[in-house]
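Residue numbering begins at 1 within each chain, and the chains themselves are lettered A, B, C and D in the order written.
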């Protein structure tokens, strides 16, 4: 495995590969994320998605692996780039698509929008659009799990650019001091929005090279290898659950598309893009499964199932009505109102 | 019945709620082992232990994040932000996260949490340790804003804040920590959103809160004795929810409004009150709406300067006398 | 003479000042190589080089600290905070440091700096990328607050902000980036603190700013045509300094005040205006002071909801018609 | 040299000792800081200082050494605990004392107070009372020096507790990326206000153990040894001035008094206090100079000069009138006014 951005960098070795059942689930989830987000792009081009959207195309292995390895009552905290993380917790596709389209059937009835996907019943505790803010918040969930001895773990996803904001530092120290059951997963896709992380960061690996500042192990893994990611997920979740405290994982990856819907991603060298397209996590995984004896028809069946499901979800979303004015003044407060005076 | 200082009331209020509900935890800088820099939380660590009473690093974002995440997942946490000025380093957690999350998620998430803090001037601490941030908080939809002026109110409003399912900023006026008041034994709970009419009078209505309440009352007494001007004094007690009905009733009755505000004048809460009154009961008014507030400057440190900056009893009397004349 | 969009005016404004003064530097996230996320700073890196046009990490506190320290020591820096909502993560630098340092040091330190930012809603970006923070800034003594509504004003007010020796928050309304206007060639400088009377009428005065200016003007036209109500429309252009004299003159003449505000109602700038008017020209008023503002909620994301939330032309017409009736 | 808090921790070795002239200047400065601050404590007990004050008793070697090693046009950025740093830049004693007393003759005419000592003409660019805020600001001065190629260096002092706040992290990364001419000096006195830094920090040495997170050298030195501090100051200033970028220094020290005037410091173990009182930087330095042949009368003369100067400054301050109301509405803006409307 060669990664031009970090020649010779060791990545964490994967242990024994996961079971076939898990591997097929990982494959299915990655395909689901891929096909879903491609469809999001299509409906955006059709003018059905306003505002902004941030795709995880190319980064699917990370959220898929954690989603598969987490316990049902564990918690996910994600960013504005959160479709993948939401789907990975088993949230159905239709309400996500409807949310992006600003419909009443949306996950938050259109009130939150693409950057704030949340489904508490699935442990998807929110997508946060201020860089860094959710790291301290995820700590709070972990603190509550620890206090209540519930065995739950919080998993908090963020990008490379997020490692340079103050909240990152405060959250990592806080989690380490109290040995909180939390896993911080840095999806290092080499770019903030349009600026290379290397241009604005004092160390090469913005998360891994800073783990020591919080007394944590340096964990740098190949984020495009679903088996490596699953092993990493299992190990870090286990560590958190057993009371040994937080982990900070840096997973190397790349986004196939621009930062957000408005961005063609032209600031990236062609050569770099081409190399990373070769390292597509789904292509790699499909090839591996086939080479290890999984029948092509099994994968083909998954592919077509997912395609159907995405098509259905899209139609359901499209059929959902606009949210309706009655929602505007609702649910600021826990009594359902937004009354601030009598 | 006991006479308590506002400082002592803080400790009693927290203990009352922690005894009642094991999901209440409390964290902040130096609040546990040392009992707080204002010595208002002495004894809590001993009674409730280090899992419920937590000394944190100087990481205000981590502190507010921790209580937010904890409140989303079953606890009812309380955090202390030592001086209210320090909210500036963790304001994102308040205004972008706590205030908006319930609304954005279409009601999926509840955030029953309290942020208590030492607020206001008068102690010669200078511009970065003396601010009145009630106006910052009030301007952000989604945060309740509470500011008691007596030890009894402090306990009752604190209890209501902890039991409330929404995020609350609870402002303890540093200048009142030493002030005393009678407090009955037993549990005390006071509803949020109900102003207290501290004094009745027919000529003008003074609307105020916090440290300015005792000053407004003293000014009202003097105006009565010296000038024969008789004032109603309303202690708002909470800014969000705002007891606008009480204000509108009293101003309708008296025809005149004066606000007495510690916060700097520009966009102080009095402006909102004035704009409500000027819209809703315009035809009941007998004269200009007048705001008495700290001027548009940071607070100077030297006592002589600070005392001329925050509204004093003299300044209140003087302004009302002149404007009622 | 050329027709420019507000977005294009941003680039021209920065270039005008950078050409004039080598001490002007500019930094922010993605502003240099990429030309900004709003594509408003394209070409600056090429013209002025990487020492003067700087791409920063996602470290808003470091960015504002850098311009503050640089401005204390001889430069006149400009920073971009991408979306105004992000001021919440670096608010300490603004409110506790920049706003107070000159005063606290008895005038020893000058801070000639500009913080430019994309402000306001209307783009379906949801609650954390759509806020109107002019009210946050206005409430803190020591920060000038500028919000142009036309491309020409943007250039002129930006130049004045850069040349001003005090810290300025410069609010670019995202919803206006695509709007166009005529701009003459050559240097443009407009003074801070002077409102523009965009329309004259005898029945009521509408006071507004930013994105609401074109809406208020359209509403005024409709009110005139449809109802025979003739309104003066004031574009404040800067909130600090505030051209209160212009407001008082016009409201005195018309007897009625309406404010049209994008910021959420509670403690929006209109409250301050109303409180000034209700104090200083009470006896010139013919009726209630009315504020038209976004309600007390975070902005919802869906277009249908957002459009019913921020004051629309319809809502302005409707409210004024009803309240003048 | 033994330090109970960190047994066996190596500290940076001192190079050749500084010249006698420098050493006498260091001695004089440390004595000045000591005697001045003891007098501050006295006048506080007399009720002449309101509000708060934060003494550096026991920590004098650090600011004295940097003050001595800095160029006249270098810049100091300090905290609320800034008397020592202000005096170390040659700011006269009387206006500092007068500021603490809230008098018109104060360094900022009483408007700032003890936590905001500033004297721009001496390169004392401010004392900041929000933990962490001045680190990013000091970067700005360094950026300006670099841009103007002036050769100036910014020196930024702060405490151990400050290493856990977000601004620390953002500032260190920013300085390192642009190789700014700045020295960050962490005065590790083992405590925040009343809480031991070890209780709330994930690493043992809150600054030194994090230098690597910014690609910087680990520098841990004995902050109570004026020679070590002077050598450290010279070396880090030189590095900054020659374009090699920032340094992060952790200087181990201890405050003899409480955190601020209200604090008797009772939370510290008696044994720890006693050990550190044995390691008084001034006692150590006096003994060293005497043992290396400096005549006792030379040091005695310095001691009595300083005592006289402090006495005079105190009287000057006491004689200064209160600030006067005319100052209240002045100097918010650069035009001298605080006018916000017409």
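Keep in mind that, in the parts below, contacts are C-beta pairs under 8 Å (C-beta built on N, C-alpha and C of every residue); 3 or more make two chains touch, one makes a residue touch a chain.
Because the structure is predicted, anything quoted here is derived from the model rather than measured.
Taking B-D and A-B together, the chain pair joined by more C-beta contacts is A-B.
Taking the mean of C-alpha positions as each chain's centre, the chain lying farthest from the centre of chain B is A.
A straight line joining the Cα centres of chain B and chain D is 36 Å long. Separating the centre of chain A from that of chain D, both taken as means of CA atoms, is a distance of 45 Å. As a whole-number value, the distance joining the C-alpha centres of chain B and chain C reads 30 Å. Computed centre separation for the pair chain A/chain B is 40 angstrom, with centres defined by C-alpha atoms.
Residue positions of chain B with contacts to 2 or more other chains are 56-57, 59-61, 85-86, 88-89, 92, 96, 103-104, 126-128, 141-142, 240, 266, 296-298, 300-301. For chain D, residues that reach two or more other chains under the stated contact definition are 111-113, 116, 128, 130, 133, 164-167, 170, 173, 177, 199-201, 327, 332, 338, 340.
Residues 25, 51, 56-57, 59-75, 77, 92-93, 96-97, 101-110, 112, 141-142, 164-166, 193, 240-245, 276 of chain C are the ones touching chain D in the complex.
Interface residues of chain C facing chain B in the complex, by the touch rule stated above, are 85-86, 88-89, 91-92, 94-96, 99-100, 103-104, 126-128, 135-136, 138-142, 240, 264, 266-272, 274-275, 277-280, 282-283, 285, 287-291, 296-298, 300-301. Those residues of chain A whose C-beta lies close enough to touch chain B in the complex are 75, 77, 107-109, 111-113, 116, 118-120, 125-126, 128, 130, 133-145, 147-148, 152, 154, 166-167, 170-171, 173-174, 177, 327, 330-336, 338-342. The residues of chain D lying in touch with chain A in their complex are 164-170, 172-173, 176-177, 199-203, 209-210, 212-216. The part of chain C that touches chain A in the complex is made up of residues 29-30, 33-34, 37, 55-61, 85-86, 88-89, 123-129, 266, 295-298, 300-305, 308-309.
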